[in-house]
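After this come two complexes, each holding subunit A, first together with subunit B and then together with subunit C.
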Partner chain A sequence: MEKAVNAHMPGLVARVVVNEGAKVTQGQEVAVINCMKNELSVLSPYDGTVKKIMVAEWDEVEVDMPMIILECE
Partner chain B sequence: MIKKLLIANRGEIVPRIIKACRELGIATIAVYSEADKNAFYLEQADEAYLIGPANPLKSYLNIDAIIEAAKKSGADAVHPGYGFLSENAAFAAAVTANGMTWVGPAPAVLKSIESKCYCRELATQVDVPVVPGTVKPVQDPDEIRRFGFQFGFPIILKLDKGGGGKGIEIISAQGQGQVKQAFERLSRIGQLAFASSDCYIEVKVNKPRHIEIQFIADDYGNIVCLGERECSIQRRYQKIIEESPSAVVTENDRENLYQYTARLIQAMHYQGAGTVEYLRSDAGKYYFMEVNARLQVEHPVTEYVTGLDIVKWQLQIASGGQLELKQSDIQLNGHAVEARVYAEDPVTFFPSPGRITKLRFPSMDDGRLRIDHALDEGGVVPPYYDPLLAKVIAWGTSRSESIQRLKDGLAGFVIEGVKTTIPVNLDIISNAKFLAGTFDTSFIEEMQKK
Partner chain C sequence: MLKVINPGIEVIVEDWPGRLGYLGKGMAPSAAMDNVALGLANLLVGNPKGEAGIEIAGGYFEAEFGADTVISITGTDMQPTINGQPIPIWESLKVSKGDKIKFNHFGTFGFRTYMAVAGGIDVPVYLGSKSTCIFGSYGGYQGRKLQAGDIVDFGHPTLELDSLRGRKLKQDVIPQYAREWVLRAVPGPNTCSDYVTEEGMDYLFNTAFKISHSSNRSAYRLQELKEGFFAREDGGVGGSHPSNIVDHAYAMRGSLNICGNTPVLLIGDGPTLGGYMCVLSVINADLWKVGQGTPSRDFIRFAVCSQDEAVEARRAQRALFDEKSLA
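Coming up: the complex of A and B.
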């Protein structure tokens, strides 16, 4: 089943650190948001496989905006 | 004289510059990104131009877009404010190449002083003490290790073109095995962020205090120094409280620092306003650190004690005017202290963007409190830029009086909707060590441990 990793803070996407197809575990850093010049890690709340990356570097993100879609068991 | 000035910046510095321009009869052009389209200060400017999306790389750091706005508006000069492109030699060169006046030192001067090693070498030549270390960039990890064995650890590895607290690695005696990794990590950051991987070594100054000298220099070789500012209260290399005069700088120290500053600035052929930063060791020695080739965030502290308007002097000098001040005209009157209010959690310093739901200013009727800001009730503090919300500056006849005035000012300043550092500002200025003036740059770290 699909689950989304959402932005926890607004800002700009500094980078996405996983690729589509990668396996991630709960608590793993999957992206970094630049909020007010601070780099904040986005951690995956679930174990799963990266199905789709919804954002690109320097995209603007809002709180709760989906950044990465995971396929979870 | 400049007739129409474009302000290539955002936030509180825009209304600050507009105020000086109004008093000098200069028309103003503001620029804004999509995220700032409702900023109140845009209405204070005579014209305002959209320069791009929220992403600063495509707006406030976008040289082509700003130059285009300047040309479209018919501006004859550009003031870069601080941060963003303020010390960018390519931007300064683009401004002058398009026939406009750059409010700041010449592009060639900016280009040279980008290199800390150049500045350290120049300082050494004109007999200004620099933090002990290497003057030329280091080539390999072995050189760093040899330096450590000779002068002792810890040592600090810094990027030649670094800044803003980025590009610093501290190597302790225990971390000697990590020299190669630290060197490679720093070189990589330098290449990515500053397009230069060069780094150099400084020894760690014991219990340093950050003392800086504000100066103004014209095109005709005249220079005056406007006292010092102490900016030792920092977190993550970012200043939070600044004051002038410093509780620790003596008359004799100040006289020496003025001479160092004048020698260095004249050797650089620098014109305009600027700041030379020094470190003071606990033994009372001063070492040159770097030149900030722009208007500083904390300039109001100096304006309070000298009664001068630094932005007006910048505009007059950029217009080719002569500095009509002599050093003997500069009197430091009383004491001023500034608190920077950031949109951050006061405990964790975690950023806190959002909408301002309530805003109340303290009374400023006595002329002893000044608040520079870009806030309005219902306005948004966007997440894309620096977290600085406002600068609260107080003046008094003595240090204790200005600190008390700042306390009253901060206590009466209401900002709701975002978290602010007002509580931590109040903790700092109520702290016994701060009040006694016996602190160094580790103050915040020490305070948080307790």
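Coming up: the complex of A and C.
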């Protein structure tokens, strides 16, 4: 089943710290957003495998925008 | 008291009008980014309008109450819940020891939520204010954002809790939120014809400027200016860029600083002086709108205002924080 990891704040993508195919666990940092001059960790809400990365460094994201698609059991 | 479970993005203790009288020492006033939402939250729970409350920027705050009390939530609708059940905003409600409050992210309109507690927030008054200055690491709760495990104490309410529950505001008192915030502003001190072209001033007052993602409590950065804004080719003895001038004091809060080609609105935690020109000052009565402007999403537009209009607007705003505003 596919599930999305969404941006929790608006801002710029500072970096994505996982690659496609990587296994992630709930609570693991998968990306970082620059907002309010802070670097905010985007944490995976699920266990799963990274199926698709939807954003690149310096992309502007809005809150609730999908950043990473996971394949979850 | 309140025990913090999840500190969210940026949750701090702020009062109003903050730490006044120390600009000459380089100390910002800090204070609530939206004094209207804080003031109305305090009104609902029977506090003085400037009492300290909890300012929640962005969202995701979770905490557990350690005592029975009355609270109110105002500002953007972060869909707050108590023990998983939705609760109303812009009215007061009683909470019990052990209740857990949880906030989602900021709403369709606005960016900051305020929680007032009957009796206020019991943190030390430092140089006349309970407000947190994040970059200075002073004031508020240990001079910083709240963290998981923090215990925030409450003050003592002056009225019986049962008399404070269920208080609501008149509908026309609740501020209107938007995605494009119109801020009334007095032009100056650095304007046309010495510093800015006439076309530049027209552009300034007729453009919706997008709020940058890098906006915070010190400054709201706006989209870059177009060419033809500056009347000078350089800053003379002030520097090489035409936005440079010899260092001067900034009109805090609300001065629009031109930093290179970027307009930067200086607010609560902002600098008190510097070497960039300032082209307008947002009136005090409209500063609250900046606090509700969402970085990377909302826009700011400036509207010319006279000093007399600014004084009248401030007077009208003060009248809001009165029992007459209650339904």
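What we mean here is this: the second predicted complex is superposed on the first by the 73 of 73 C-alpha atoms of A that agree within 3 Å, B and C clash if a C-alpha of one lies under 4 Å from a C-alpha of the other, contacts with A are read in each partner's own complex, and residues count from 1 in each chain.
Quick note on the criterion: a contact is a pair of C-beta atoms (placed from the backbone, for glycine too) under 8 Å apart; a residue touches a chain by one contact, two chains touch by 3 or more.
Quick caveat: nothing in here was measured; it's all calculated off a predicted structure.
Peer 1: Quick one: classify A:37 as touching subunit B (first), subunit C (second), both or neither.
Peer 2: both
Peer 1: See if subunit A has more residues touched by subunit B or by subunit C, and give me that chain.
Peer 2: Counting residues of subunit A touched by each partner, the higher count goes to C.
Peer 1: Please indicate which partner A:60 is in contact with in the superposed arrangement: first for subunit B, second for subunit C, both, or neither.
Peer 2: A:60: touches subunit B and subunit C.
Peer 1: Looking at the overlay, does A:8 come into contact with subunit B only (first), subunit C only (second), both, or neither?
Peer 2: Only subunit C; A:8 stays clear of subunit B.
Peer 1: Across the two complexes, find the residues of subunit A that touch subunit B and also touch subunit C.
Peer 2: Common to the two interfaces on subunit A: residues 9-12, 34-38, 40, 60.
Peer 1: Quick one: which bits of subunit B touch subunit A in the complex? Just the residue numbers, please.
Peer 2: It comes out as residues 53-55, 57, 343-344, 350-351, 353, 383-387.
Peer 1: Contact residues on subunit A for subunit C in the complex?
Peer 2: Residues of subunit A touching subunit C: 8-12, 34-38, 40, 60-64.
Peer 1: Going by the contact rule at the top, pick out the subunit C residues touching subunit A in the complex.
Peer 2: Of all residues in subunit C, those touching subunit A are 9-10, 57-58, 60, 105-106, 213-217, 294-297.
Peer 1: Can you list the subunit A residues touching subunit B in their complex?
Peer 2: Within the complex, subunit A contacts subunit B at residues 9-12, 34-38, 40, 58, 60.
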